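Going by the order they are written in, the chains are A, B and C; count residues from 1 in each one.
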Amino acid sequence: MNAFDLLMLVATAAIPMSALLAPIAFGRWLLVAAYAVELGLLFMLTPGDATRSAVAFQLLGNDVGWQLDALGWFFAVITVGAAGFSAAFAAGEWSAANGRQGLSLRWLYGGLQINVLAMLLLLSSADFISLFIGWELTSWSGLILMLLAGGQAIRAALRYIVYALAGGMAVFAGMLVTQAHVGSLQFAALSAAAPNLPNTALWSITLLFVLGFAVKMAILPFHLWQPPAYAYSPGPASAFLGSISARMGLFGIALVAIKLIGLGQLLTLSLWRDVVDLRDILLWVAALTAILPTYVAMRQNDARLLLSWHGVGQGGYMLLGLMIADSLGNAGGLLHVFNYASYQVILLLAVFAVIHRTGTADLNRLGGLVARMPLTFLAMLVGIIGLAGLPPMNGFVSKWMIYRSLVSEGMPLLFVATVISTLGTVLSVYKLLHNTFLGQLRLEHVEVKEAPWSMTIPMLLLCVVVFVTGVAPGLVLSHVASVQQAIGLEPVNYILGGIESPAGSLDMLWISGILFAGFGIGALLFYGFGGRSKRVHQLDNYAGGHFLTADVRYQYSDNFYAGLMHRIRPWYRNSFVWLESSLVSAVGAAGMLARGFFKQANPAQWALVGTTVVMTWMMWHALG
Amino acid sequence: MTDVTLAIALPLLGAFLLPVTARRGLHWFGALLGPTVLALSALVLFGNASVYEAPYAIALGGFAPPLGISLYVDPLALLFALTVPLTTLLLWPGDDGDAGIRRQSLTLLLASALTGLALSGDLFNLYVFYELAAVASYGLAAGGGSSPGFVAAFRYLLISALGSVFGLMGIALIYFQTGTLNLAHLATLSEQLANPQGLAAFAMLVIGFGVKAELFPVNGWVPEVYGAASKRVAALLAGLASKLAVLAIVRILLLVFPHEEARQLLLVLGILGVITGELAAYQARDITRMLGWSSVGQLGVVFIAFSLPGKAGLIAGVTVAMHHLVVKSALFLLADRWGGAIARLKGAASSSRPGAAMFVLFSLSLLGLPPLPGFWSKFLVLGGLADAGSTLQLAAMAIILAGTVLEGAYLMRVITTLYKPVDAKAMPQRQHPGNLFASAMFAAVLLCSAVMVNPLWQGLNAMAESGVDTKGYIETVFDGKEIPR
Amino acid sequence: MTTSIGFIFFIGAIGLGAIGIAGIVLANHLFRLVLALAIAEAGANLLLILAGYRWDAVAPIVSDPAVVQTMVDPVPQAMVLTAIVIGVGVQALALTLVIRIRQRYGTLDMQEARQRMQDDLDAAAGITPSRSRERPAGGRPLPAPAAAVEAGVQHD
């Protein structure tokens, strides 16, 4: 029984444990400990070699087994880590308060663990049947978490499951077409046969798999389900889903399109006489996914929705990075998975901490909370710096790598696209920070206290992780390099501080050192040689000769970026929403047509018509 | 080994004894008669399990084929014949007065006819048992005593009788060409039937038997009859009777018309059935009709599966058919107390937790969530279609997958309505314990088959081997005698 | 069928079938539907009997060799007997249903009976009919007053 089997055993056993222990406070901390155990077991595995599970079946003549290689290990660590931190956040006061309000804690914790188990099954698949089993289980277990909150979450969850089924069926079709052409459902069979497949077969297999995985990843145009579905889940569920659940699609693309079929093969799938190939299409779709949802996020007034729309955009970044042929670029894309997961968890947990204390996530009704919740502010600040991609946080490293390789690979337009996307990111995360924490504290929030320690400690721990991996990205890059090796790409040349390559290096240790040295000099100058600052109450102020009182708003935060919005408002045309709703209407109309078939006055009419047609067709066929 | 005819005869005897005994005041006897008879038939059929090594044929009355009627017992026939008493036992109608006695008697008649349909080896015998089953189902459909039930039953009768007219004409056409109606004899003459007249005869037979099998275009009766009849009757018709009708068509397809055009006909009709059924179910606003349309769609998948050539088609078809039998019957049982508008089901999960949980289980299996058996059935069908690879078959694959997404949409709509919170005044009805028990039995079968995938797979393989073995069929029936003409 | 008499019978069988099928498809009165069904079944049965007709067959067992009996294939005749009986049973059941429909709905018109059935089924299920003569499509209700915007959620 190796560590991998032990891990699966713990994950499975934790499900009934969660259902039993969730309502008890001490039990919830035990469940967090279970996640820590799972993480420890993961670290006991050597990620370089693939660990085969002892559990294997022969089902319907196919070998079904599980093994964890570097690619799956990388995603598994992120999954278990995100789940652990979310569960730790919720284990104390959060669960007590929400449980009293009617949330089913058993389903929440049980569902979280089911999700982790399903993702582990997916990440460790060794053939297409186990891949599909894990895929479907992941989709359906995500549904459990989304349905918990009730109300508007249910509509979002219904939309989600239809999209997820469509994607799952595309993956199923891809799997079966593979079996038809290659003759076996083992991964090794596809990678062996891929160079020799005829063009139509390769196109259909690749397209089916990529489309199926893209739906889960919320790549344009399949992105409409994700923001509401993830935003309206309860706290820890939202953080977990938002950080890693959609990335399972990226895992799928990395596995099938890059490892099994091969990036080189993707380059042979071309349209219009080799002008553009599938990889170019994917790069541009990813770039569009990085841009458009980010600007939609700028318009959101619900903090959770804002962050979820960002999730869609960052997914585009990851796909963009992965599809670049340069080792620096795809390392950047893979690193971004880890980085994004880390700060998305922080940001969502911070937002849920604010909701816990103030009861609202509406950015137009918050403000000035830095005075009351400084630790939460610090966590959100770190998360935002990371999301925007500024040093010294880890987001900077992955974004730098992607920018660098786009330029060196000769794709300047895509570089401009990513820059536009980053601009949108910076603007919208500042809106998030400002509207929540900066500005004027509202009267109803004067009594708000800092979030309890059970909530702030996980957030701050993650901030430390973000900072440390930002300053010394080599810690994560070593694993990224093994992932690259596992999927057949050239591994990136990394050092502890970052990247070492002849085309240009990045050493975060240096950069962070210089940055902090700069801060240090500035602090010295400010506090040592100047800095005659006096602390004044926020309301110790006058306007037009009148004293200001706390019930008067003298600092507005709604309709943020009014000027920019005035300019770009006409560009928001809701095209994708229109597309989706017209598709749904078309299906509904087709349904009415089909029902009309059953509604005929004389039932025999169709029988006669049908019989005549059928007989004529048969006789014509037999003659011809 | 001739005791398999008891499986046909005993329910028939019971059907006629039941009204007599019940009226004479022997209520206890009447109440026990039906289940006893069905249990005995099941035992008889179980006792024939040795047919896995050696299928056999019975010449009824001692008249040797091709002149006499023969019954053929092989693993395929035995499997379908066995489902009849077992499912009828689980779906046994309640005993409430005269109407209940009538219903029980008709159910026994239906069971007898369906068993005969599974075991028959002669085309006219198939026709007769089919008509017997049809008459029993007309009576069951109208038996609720409700006014819409009478109209629905009349319209069903109309389509079914029209189909039977076509079927009879098809039989006449075949007799014109070959002079025999014995399936084994026809199997030796199947090349003679590859001409336009023969295939037209096949088309007519398919229309004739397809009414019960909810085949496009003769399935207009489905939403009306299922909506008007009691749900147990609907479960019997949708779950059980349709499968046996499919078996009749498949036997004819495999033995007498193993031609490409015949398979393509079933493929096209199956595709049309999936499209109309799933689309109509998507916009349904009440549960019973939604389930009826959904079963039309699923039976379309069954026909598509059987249209695949060779062993792969037979295994895929039988798997989908058996899975649908279990799931649809159970869903109709659950819809008994929950029948009506879907909007009325708000909060039903709080009034009946096991019912809602089982509804979720059956829906997930229908949608093909691994490792439930629904996934394996879809895997076999779609894998066979992908392997075969012609344009129409790949289109069929895409349509079945799109149909699954539609199924997900409407089933999840119902499930989310079930679990919505609702105050105590507006709560829907509790589930009847009898229905819950029967559904639980179906759920147990489903879960057991999910666990025992491999043994089932081996059994199905053996069954399909003997099912496609036409030469073996001919030899067993004629038993070494001279094959005439 | 080389002789003209056989041809006439053949035409007759197909014709009866066609009349019956046409009747089933075109008729609107319930009783006429049952009659058409009876005619169609008669046509199908006649067709089956014709399948067994032999022009130059002789009885296999002849007691008096001087008298030679012409013979036809008896198997279809046995089958047709069965089919006729089945048809009679079905027609009887159909007539019972017609009587019941007349008692319950007071009409023998197929269209009206079908409409009444749909209405009853819809009412039993608790669904408002999507379109009916009693409730035409005009006069839609006013839109609900603008509810409080939920946290300014916007979609794209």
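Heads up, the rule we're going with is that a contact is a pair of C-beta atoms (placed from the backbone, for glycine too) under 8 Å apart; a residue touches a chain by one contact, two chains touch by 3 or more.
No experiment lies behind these values; they were computed from the predicted model shown.
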| item | value |
| --- | --- |
| Which of A-B and A-C has more C-beta contact pairs | A-B |
| Chain ID, smallest distance between chain and overall C-alpha centroids | B |
| Subunit B and subunit C, separation of their C-alpha mean positions in angstrom | 22 |
| Intercentroid distance (Cα basis), subunit C paired with subunit A, Å | 59 |
| Computed distance of Cα centres, subunit B from subunit A, in Å | 45 |
| Residues of subunit A engaged with two or more neighbouring chains | 604, 608 |
| Contacts with 2+ other chains: residues of subunit B | 155, 158, 162 |
| Sequence positions of subunit C contacting 2 or more other chains | 21, 24, 114, 118 |
| Residue numbers on subunit A that touch subunit C, as the complex places them | 152, 224, 228, 292-293, 296, 299-302, 305, 360-364, 572, 574, 576-577, 599, 601-602, 604-605, 608 |
| Residue numbers on subunit B that touch subunit A, as the complex places them | 155-156, 158-159, 162-163, 166, 194-200, 202-204, 206-207, 216-223, 261-262, 264-265, 269, 275-277, 279-284, 293, 364, 367-371, 375-376, 378-380, 382-383, 385-387, 389, 397-398, 401-402, 404-406, 408-409, 412-413, 416, 419-421, 453-454, 457 |
| Subunit C partner contacts - residues on subunit B that touch it in the complex | 67, 124, 127-128, 131, 134-135, 138-139, 142, 146-148, 150-155, 157-158, 161-162, 164-165, 168-169, 171-172, 175-176, 179, 181, 224, 227-228, 285-286, 288-289, 339-341, 343-344 |
| Complex contacts: residues of subunit A adjacent to subunit B | 57-61, 129, 132-133, 136-137, 140, 147, 150, 154, 157-158, 161-162, 165-166, 169-170, 172-173, 176-177, 179-180, 587-588, 590-595, 597-598, 600, 603-604, 606-611, 614-615, 617-623 |
| In the complex with subunit A, residue positions of subunit C that touch it | 21, 24-26, 28, 110-111, 114, 118, 150-156 |
